[in-house]
Amino acid sequence: MLEKSLQQLRKSGRRILVPYVMAGSDPDWLSLVDLVIESGADAVEIGIPFSDPSMDGPVIQRAGELALARGVTPFSVLSELRTRSFSVPIVVMTYYNLFHHMGIERAVTELRQAGVDGVIIPDLPLEEGANWRAMAKSQGLETVQLVSPVTSLERVDEILAVAEGFVYGVGSMSVTGERAELAETATAIATRIRPRTTLPLLIGIGISNGDQAAAVVEAGADGVVVGSALLRRVLEGQTPSELSYFVSEIRAALDEA
Amino acid sequence: MLEKSLQQLRKSGRRILVPYVMAGSDPDWLSLVDLVIESGADAVEIGIPFSDPSMDGPVIQRAGELALARGVTPFSVLSELRTRSFSVPIVVMTYYNLFHHMGIERAVTELRQAGVDGVIIPDLPLEEGANWRAMAKSQGLETVQLVSPVTSLERVDEILAVAEGFVYGVGSMSVTGERAELAETATAIATRIRPRTTLPLLIGIGISNGDQAAAVVEAGADGVVVGSALLRRVLEGQTPSELSYFVSEIRAALDEA
Amino acid sequence: MTSVMGNPDATGRFGEFGGRFVPESLMPAVIELDSAFREAWSDPLFRAEYTATLENYAGRPTRLYLAERLSEYLGAEIWLKREDLAHTGSHKINNVIGQALLARRMGKSRLIAETGAGQHGVATATAAALFGLEAKVYMGEVDVARQSLNVFRMRLLGAEVEAVTSGSRTLKDAVNEAMRSWVAALGDTHYCIGSVMGPHPYPWMVREFQRVIGDEARSQYEAATGSTPDWVVACVGGGSNAAGTFAGFVDTPARLVGVEPAGGAAVGHGIGGIVHGMQSFFLQDEFGQINEAASISAGLDYPGVGPEHAHLHAIGRARYDQVNDDQVLEAVQLLARTEGIVCALESAHAIAWLVEHKQELLSSSIVVTLSGRGDKDVETIAQRLGFLEGEEHA
Amino acid sequence: MTSVMGNPDATGRFGEFGGRFVPESLMPAVIELDSAFREAWSDPLFRAEYTATLENYAGRPTRLYLAERLSEYLGAEIWLKREDLAHTGSHKINNVIGQALLARRMGKSRLIAETGAGQHGVATATAAALFGLEAKVYMGEVDVARQSLNVFRMRLLGAEVEAVTSGSRTLKDAVNEAMRSWVAALGDTHYCIGSVMGPHPYPWMVREFQRVIGDEARSQYEAATGSTPDWVVACVGGGSNAAGTFAGFVDTPARLVGVEPAGGAAVGHGIGGIVHGMQSFFLQDEFGQINEAASISAGLDYPGVGPEHAHLHAIGRARYDQVNDDQVLEAVQLLARTEGIVCALESAHAIAWLVEHKQELLSSSIVVTLSGRGDKDVETIAQRLGFLEGEEHA
């Protein structure tokens, strides 16, 4: 459903925008999901907070800490999701231990029952993910694979061979976080991966504004994931209309690119 | 002159009392010398303060520190002494470095010119003192030898062979200081040394009151040196009449013993 | 895996534990490290330089010392492997010399490291100075405060120390922060992990760099007694001194014991999990969030344990027990007063275990790894024991 | 005296220096000690136990380490004799093991000691614990404050530490206080002097217990190079690490250099005197009162020097130079950053001398005794260098 939906958009010529929302960082987080969808999101990445987010920068760490401090758990997030349905696919992002701890069969079932279409598990690389992928696939949950600027082409192809949903091109050799200037690696990876896959190719990590989003789609990507740039504004307490304006701007930049 | 004077007293049957006064611990210290003489001293031991009085307990250390803090030097002490003469012999007590530093010839000369009759140098033992003793003897300055409770009889005899002035029997295996109870060693050493010498035998270190003084003369000594017990009273600011009373008490105890 | 404590397979598994759970951005780096280590470790020249540096510089071999008064007290024969006498004051130097040489061989000019007690940070700063590399050390803010002596030592050695303020502000957060910073600096930077933890090849590589402890102790014990000990005991934080020690004795009949702090017993109280690149045991809440460890010793305050220990536990080859802070404080004093050795709080866990199991150990012979010296802990100990009361303290 | 650094005669003279200037109450004790030491030192069993304890327990031989990066920096070949790796962190342990064994042999059950930096106090407390003796350590109140780490270590080892409040409240006053207390406890107590000072037989005995430094270094240097070094350098407080080092090289062509702190240079700025039982050089005022030494390193803050050094200076066999506190702080950092070794402030005096005399030393080979490690000084150094600014400090 994730892949199919994004492929349709892609074929229709629409650039894909996937904002990131940290589940539970604020009691009203589901409204934020609605807001980003209304503002032009094509899918939403929902983070389940983890105690040791070793691939996240300060903004997402902080959002996760707030959520954990509020008593958010993987189950509380999934039951909140279960009460709702959304007009776009939902992709859960978290670290592997939470699923491992639930047991992968149960984790996949719970995710599916909550209406989750795909997952991004940054610390579950190709080699370690076979069991998970098989279990997920068996229940129609798509596991997004990441490729990074330092992944060799040979390895890229191995990863692409198991990729589902979309390909997450890591735009920057860093943890999540905003960047004043787009990393050179962000456009380079788009150009590099593009010829090797027909899956939707999204670039994330370090995409902070419309110009940067436009630059990566011009380099060959189908769209972007925007995390820290949005979450920082949320943490700063920006109003819904300010947040909506920010998402819409990126939407517009993508549409014009 | 020291030895001769003490021998005369001894022969006359008088017990010998030698109080200790720290030179310069108080601007009026020479009056204290006078006071102890008036109160019955047969000789006075005058301490010249040294920076590292390693054989002295807290009372004499403190008196020495006060004197040094007042700018007292070996020369200042000797020149003050030079302005005075006393009716009893004067014995200077200090550590060897001060004389070594002056040069022993000069030291002996200065001491004699100041009217000093004898010296006690606790850190100049038999083996190291030959040059000093020769120089002192050549100018009529008598060097008092100490024997201690742990000195072997063989060594006692070696020491006695060079002894002058009087024999200083160390009453206690400790540094200078008062004692509530007389050390057993104080009477023991008196008994032990007595048969081996015809020199006056005085016991010092740890003699704190008349009873203790009486006990050592009963054991064979000719008298006592009283240091910390007197100096503590001085440091406490006792009045001349209180101090005089203290010395007289010991005098009386000795006379009655 | 071919044999117990042999070389792991290409995926870095010890039974079901280990592996390489890192983001794709780090994957090429750990693969490169794996092959660089394999190649270096089978190069006699590399081994020779590693060994020579440990001998000439770090003071190896450390002594295996028969602690007679402690033996008498315990009614058993206690041999102490004196890692406290190694340069920088703990076994951490063994590993770091190996990794620094490897980093240099790989053309890296910079080391980063996480540290808890500061011993690994000091060791890293030391090796960096020795080989002319830059060093940056991540240390939880809580540990920066409680191990200030080591913070000063690292700075004096020219290393940058960054106080980590995220999460619980202790060792596990320092690991997270080091991994984060590594991603951004892979080109010139080697991440020098301080224990047998993290993604493959670290658990294996660090055990190999630490096996010098066990190999030396084995032959020293043999030279002294002609035999092998009944027991081999070491404290377990991440587990590097224990792994290095066990490696020397795993093929003997010796019973192997790892001693964890009651407040940070990943084997004892943890459950299976996947964090910091490895599958192992971790202290976790009911949802899989990692719990903080809490013991008197900063160097054992790690909620996980090296995957090979999880495996040795699973197959029953090693036993893992716990001791608490009070036992540890008693043990520090016992060793100080019987043998004149002020050991690290970490190492004192092993001594405390001996005391607790005195009856079981009667008349047996025991090799105990004394992983480090206690200078860094003396202030903590003094405070806990009330030595500081009413005293001037500059 | 038969030869330079041979055995002194019965009166303990090194040329005009040395001797035995103690009160009669102590005289039998030092005479007894002299004969006990003579007898023990010529008893192969005693020597064997001394040597075995140093090897098995204290980690001897310490390494002679070719410091390549420092050598490159200085343009000379620098070999460091690593006393910093000895148990307790300095050469002081060598002497104390010897004296504790001797005390036991003499039937004493208690050690007393003076200490400045605390290293000798820690070593004494250590040996006391090891051999089951009681220990009491006298330490100037000023030093108690500036070397608090070592105070805690001593207490942990079971020793009583008494803060000395008389005089300048530093090392010389601690010596006075130890002598005072010794008189009252001769029966069961050995006074364990920490350097080559005090009345005969101490300067000789302590040099003999420390000559293991020089003897080892001599043969290590010979084994490594087939030759003898051009220079041999050591810091001088009382002078025990220097005397022990020089003893191994005095009969070679090596030039011997003792490095004093500018603020406590008894050879450099002192004059002849007689204090603490010995004739030697002391810092004195114009009247012969002993002055306080004042340097950044507590262990060198002694206004006197061992009599054998006075003699080696008088006959021109050794050279004595001074370095100041700023040079020492530079040297600590230099060694830390080039070699990864944080040395004691005392030992850094020797390194500072190398830096100052770089031109004179170009292309020569130099053995430098690194008398101790710097853990005890890190806080002082950090404060002086401003590392502490704006930081949490537990």
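Letters A, B, C and D name the chains as they come in the text, with residue numbers starting at 1 for each one.
In this text, contacts are C-beta pairs under 8 Å (C-beta built on N, C-alpha and C of every residue); 3 or more make two chains touch, one makes a residue touch a chain.
Values in this document were obtained by computation on a predicted structure and should not be read as measured data.
The minimum number of touch steps separating chain A from chain B is 3. Common neighbours of chain A and chain C under the contact definition above are absent.
Chain geometry summary: the mean Cα position of chain C and that of chain D are 34 Å apart.
In whole angstrom, the spacing between the mean C-alpha positions of chain B and chain C is 66. Distance between chain B and chain D, defined via averaged C-alpha coordinates, is recorded as 37 Å. Counting partners per residue, chain B has no residue that reaches two or more other chains.
In chain C, there is no position where the chain touches two or more neighbouring chains simultaneously. All chain pairs in contact, by the document's touch criterion: A-C, B-D, C-D. Chain C meets chain D in the complex at residues 55-57, 59, 62-63, 65-66, 69, 82, 84-87, 89, 125-130, 132, 141, 144-146, 148-149, 152-153, 155-158, 332-333, 336-342, 374-376, 378-379, 381-382, 385, 387-388, 392-394. Across the complex, chain D is touched by residues 50-58, 61, 65, 68, 73-75, 95-98, 100-102, 122-128, 145-152, 155, 159, 170, 173-175 of chain B. Listing the residues of chain D that touch chain B in their complex gives 11, 19-25, 27-29, 166-167, 172-173, 175-176, 179-180, 183-184, 186, 271-277, 279, 282, 284, 287-291.
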